[in-house]
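Take a look at the structures below.
Consider the two complexes below, in which chain A is the common component and chain B and chain C are the respective partners.
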Partner chain A sequence: MSGNVLDADVGIVGAGPGGMAAAAALAAAGLRVVVLDEAPRAGGQIFRQLPEGAHAHLAEPPSHDAGHVLLTAFAQSRVQLVSGATVWDVRPGRLWFEHDGASKLLRCQRIVLAPGAYDRCIPFPGWTLPGVLTAGALQVMVRGFGVVPGQRALVVGSGPLLLPTVTALLAAGVKVVAALEASSRWRALRALPAVLGNGTRAREAFWYARQLLRAGVRLQWGWTVFGCEGDGRVQRATIGKVDANGRPRRDTARTIDVDVVGAGFGLVPSIELGLRLGCRAQWNAVRGGHCLVVDGEQRTSVAGVFVAGEIAGIGGSAVAIAEGELAAAAILREVKGTAVPSAVVQRVQRERRAADAMLAAFAPLPGLHELAQPDTIVCRCEDVPLARAQAAAALHGDSLRAIKVGCRAGMGPCQARICGPSLQALACGQHYRAMDLPVVQVPLKVVRSATIVDAPTG
Partner chain B sequence: MKRRIDGTGDRPAVAFTFAGQPCSGRAGDTVAMALWAAGEAVLRQSSKDGAPRSVLCNMGICYECLVVVDGVTVRACTTLVREGMRIERGGRP
Partner chain C sequence: MAETADLIVVGGGIIGCSVVHHLAQLLDRSTRILLLDRGPVAGATSGSCMGHLMVTPDDAQEYAFTARSVQLWRELNERQGGFDYNPTGALYLADDPTDVELFAVLQQQFAEHGDRADLLDPRQLRELEPGLAHDLPGALFYAGDGVVLPMLACGAMLREAQRLNQHVVVRPHCAVTGIDRDGDRIRGVRTEQGVIAAPIVVNATGVWSPELAAMAGQPRLPIHPRAGNLVITGHHVSPIRTQLLEVGYIRFAHSAAKVDPTRTDDAGGHAVNMQPQTNGGCLIGSTRQFRGMDRELNRELLHRSLLRAQRYAPGLADAPIVRTWVGLRPYSIDKHPLIGPWPLLRGLWIATGHEGLGITLAPITGRLLAQQIAGQPTDIDHTPYLPARFVQ
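Then we have the complex of A and B:
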């Protein structure tokens, strides 16, 4: 059993930019650090690495330079990385996880949560067809595995992540038939000062613009997908214009032939581990919804629990790296009494300001919830169509819990990570507002029953 | 049709079966990506109407890619493919 219990000074969840930055800094200061990550290799979703042995150079934006620096520092550090680890329960100083079919426990003095985020899904007719994936899924497919998603792609959604999805597809040799940004060009222009005021972000925007121009791909503002069709797999998509609130203008609909669709309407912070620990969360629409609350040094409301990156609100890799370094500095102050460098604090504040200003231009458009039709599946785990979710809300009330109890939406294995962020807006027809805090349950992710029964204690 | 980016498939082949048919991927592939590269997109049937489902998030969040590997239900996108695996389509999540 002892082989299934790991000990560390600091346990970190997530080997993305935030987790790697914190881990490398802590290990450099002599602390024992164990990082648990669900993917096969370090990098997180943004700095995904191809499998060992794969040789290919895919075109990358300038922001990935920082990723390579970090990946090298991380690999050369004394950090113990456990890849393929699924964390299913957490308490202060304890992380239970499944790894290689075994039930394991990491005991540590402090925890840094850097689990990242996942794509915000907004249901539309035909989105359950094979070949319709999230924008993030396509990036993982290309950058993480070198697999070609299809031949003719449609990219839809809203926010800065549409661009890396398009460039990943181009790098894989896929023809991007259309790239549709639901926000209007004028709304997006509000992001311009934030982008141009930050050298790194300006270079990044220029790189993407050049890639799209070279491939002849034009980002269409104020457009989105109305639905997908196909026999066992997506073959056609109906696209059209939306108004300033995101409501579909049905008279503009036209149909295009595609065999793969990437949809990404922004990101949702993965806060489940924090909620399980009892960390305080608050609603921040610009940062993706419910985010964990931190003090000026990445501490949550629970002693010994720190966070970095998207879990404290969507901000991107530059924010995550800075926050990972700050979390490490804050821990080192507690352990060794070393001062937290003011430069690190200032960098976090600067990157957060820039990210907030940019994301404010892509805040969710409530009218996109009108894409779903009465028979469109909204909860994919439990196969709940929109009409049933609406009936449940009418009968039981508009809280997340009432809708779940009334129609089972959100009660499947994904624990409402996919349907939850839009469920209340869909079922109640209300405008986008603060949603109820999700209810988290153990196991936080589905694991074998033996993993729970045989869980190490101590 | 090209299913892998040049150079990314230069890894040892891994043989397995999918729905009873011989299939192969590369070392380091997840089950989901090995199957996608083999042209197999349909990973499970929905419980209500039997509609085909496939990879949605590709990062272990959505449970849409559930398959049965050697009798155990797993997420295809977080499970690395191994020699000799017997993989069947999944059912209800």
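Then we have the complex of A and C:
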């Protein structure tokens, strides 16, 4: 049994930019650090690495320079990385996880949560057809496994993530038939000062612009997908213009032939670990919804629990790296009494400001919820169409809990990670008001029954 | 002018929904019936329980009570449906050869009421449920039981009520904050959203019913929360098609508790109850523990109940677990529900205290209460459930 219990000074969940930055800094200061990560290799979503030994020649944007530096520092550090670990329960100082078919426990003095984010899904007719993927899933296929998902791609959605989706597809040799950004060009221009005022972000924007230009892909502003159809998999997509609020203008609809669709309507913070620990959360529409609340040094409201990156609000890799370093500095101050460098604090503030300004220009457009039709599936785990979710809200109440018990939406294996962020707005017609905080249940991710039964205690 | 209603039912769980359902069936179609809940409809106990329809043959009264209710469930499904009604029957299991004697006792009890249950030898059991452990010493199969999805059943009852009587109003997320009286008679309720006058108020708030009784200035109701841990698997992995109960379950679940329900140090107990879901998942219970209103998962009890479930269905060890949660059963101190008028305050009625049989008994409870309110003869003898037994 003892082999299934690990001890560390600091336990970190997530080997993305935030988790790696915190881990490398803490290990460099001599602390014992264990990082639990679900993926086969470190990097997280943004710096995802191909399987060991696999090669691909994907051109990379300037922001990935920091990723390589970080991956190298992380690999050379004395951090113990547990890849393929699924964390299913957490308490202060205790992380229970499934790994290699065994039930394990990490005991630690402090916890850093850096679990990242989920794709925000906006249901549209045909979004459950094979071949229609989230932007994140497409990138996992292309960049994580070298899988070419199709020949003719449509990329739709809103926000900065559309660009890496397009470039990943281009690098994989897929023809990008259309790339549709739901925000208008004028709305997006609001992000310009933030982009130009931040060196890396400016270089990043020019790099993507050059990539798209070279491939002859033109980003269409104020357009989105109205629906997908096909026999057994996506074969056609109907696209069209949306108004300033994202409402589809049906008179502009036209049909194109595609065999793969990537939809990326932004990200939603993954906060379940924090909620299970009892950390305070608050609604922040610009940063993706419910985010954990932190003090000026990445501390949550629960003693010994720190966070880095998207869990405190969507911000991207530069924010996550800075916050990982700040969380490490704050822990070192508690452990060793060393001062938190003001430069680290300022960098977090600077990167957050830039990220917030950028995201504000691509904040979710409420009118996009009008894409779903009464028979469009909104909860794909439990096969709940929009009409049934609306009927549930009408009878059982307009809370998230009411919709769930009224039609089962959100009760399946994904535990509302896919449908949750849109469910309340769709079912109640209350577009992007502060939604109810979800209630989290153990296991936080699906694990085997034996994992729960065999969970080490201590 | 204040809002008025003819009847107010407080509590949108399965019992409150059934009361509304039967009031709408039995009373004049112009009767204004208002259902209030401080949360969602089916948001509390009825949204966090199992869904067994279980005929218990202990004695003639108990048999009539449960069997009539299961029949009402069947009829609701035929008329309305939409709540995953699944007449799986029930398999009573044991893992100890000495427990096999209990099968015969139970079989005899069913026979005494003109009903039947069949003894299965190990080979017959394996044919019926190949996913069960192969060393089990047989089982008893009773065909009359079934499974429903309670939260959807609440909706089905209310939808039929609203179809029968357009003056049925359902108002979730509206908490009752007080009860108004005129001497020994009820006048109405105060809510977050205003005062509502009504001559009849039904307390169907389950584990919260003592709280509502206190608002009406009444003595403490003998209802205590009894917590249960539940576990659900992913889809399409259920090793069983029939509802499973350990034969010790009846004794464990429905005999008088040996512990004082007001204590908070109850170690709790468990007996396996497993239900196949229509999506191919498997719902696993059940534990029982008195610990007040605490809904935090008890890991120790959860482990024990999962281990016990794996003993009967070994394949469950590899089943993906989607979530676990805790529900609170309204345990009545004498093990019988309270259904009827509260004798100390005219116009106040009670329907609660079903502990783990609330889903089974919801239709008959709604019917007995509505029949009493309407002044009609009751389907079965309702006097054992009159709340007056707790009033000296």
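The definition used in the following text is that the second predicted complex is superposed on the first by the 458 of 458 C-alpha atoms of A that agree within 3 Å, B and C clash if a C-alpha of one lies under 4 Å from a C-alpha of the other, contacts with A are read in each partner's own complex, and residues count from 1 in each chain.
Going forward, a contact is a pair of C-beta atoms (placed from the backbone, for glycine too) under 8 Å apart; a residue touches a chain by one contact, two chains touch by 3 or more.
The model shown is predicted, which means the values in this text are computed figures rather than measured ones.
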- For A:G397, decide between first (touching chain B), second (touching chain C), both and neither. second
- Message: According to the stated criteria, A:G199 is in contact with first (chain B), second (chain C), both, or neither; which is it?
- Response: neither
- Message: In the overlaid three-chain picture, which partner chain does A:G337 touch, first (chain B) or second (chain C), both, or neither?
- Response: neither
- Note on the structure: Comparing chain B and chain C in the superposed model, the one touching more of chain A is B
- Task: With the two complexes superposed on chain A, say which partner A:R380 touches: chain B (first), chain C (second), both, or neither.
- Result: first
- Message: Let me test your reading of the model: by the given contact rule, A:G216 touches which partner, first (chain B), second (chain C), both or neither?
- Response: neither
- Using the superposition on chain A described above, determine whether A:L133 touches chain B (first), chain C (second), both, or neither. first
- Message: Just checking: does A:G146 make contact with chain B only, chain C only, both, or neither of them? Give me first, second, both or neither.
- Response: first
- Message: Quick check for you: in the superposed arrangement, does A:R448 touch first (chain B), second (chain C), both or neither?
- Response: both
- If you stack the two complexes on chain A, which partner ends up touching A:G53: first (chain B), second (chain C), both, or neither? first
- Query: Looking at chain A, which of its residues have contacts with both chain B and chain C?
  - Reply: 381, 412-413, 446, 448
- Under the touch definition given earlier, write down the residues of chain A that touch chain C in their complex. 381-382, 392, 395-399, 401-402, 404-408, 411-413, 415, 441-443, 446-453, 455
- Message: List the residues on chain B that touch chain A in their complex, please.
- Response: 1-12, 26-30, 33, 36-37, 41-43, 46-49, 51-64, 66, 72, 78, 80, 93
- Quick one: which bits of chain A touch chain B in the complex? Just the residue numbers, please. 38-40, 45, 50-56, 58, 84, 86, 118-119, 121, 128-134, 136-138, 140-142, 144-149, 151, 171-173, 232-233, 270, 380-381, 383, 412-414, 417-418, 445-446, 448
- Query: Inside the complex, what are the residues of chain C that reach chain A?
  - Reply: 37, 39-43, 47, 149, 151-152, 154-155, 158-159, 170, 172-173, 231, 233-235, 279, 297, 299, 302-303, 306-307, 309-310, 316-325
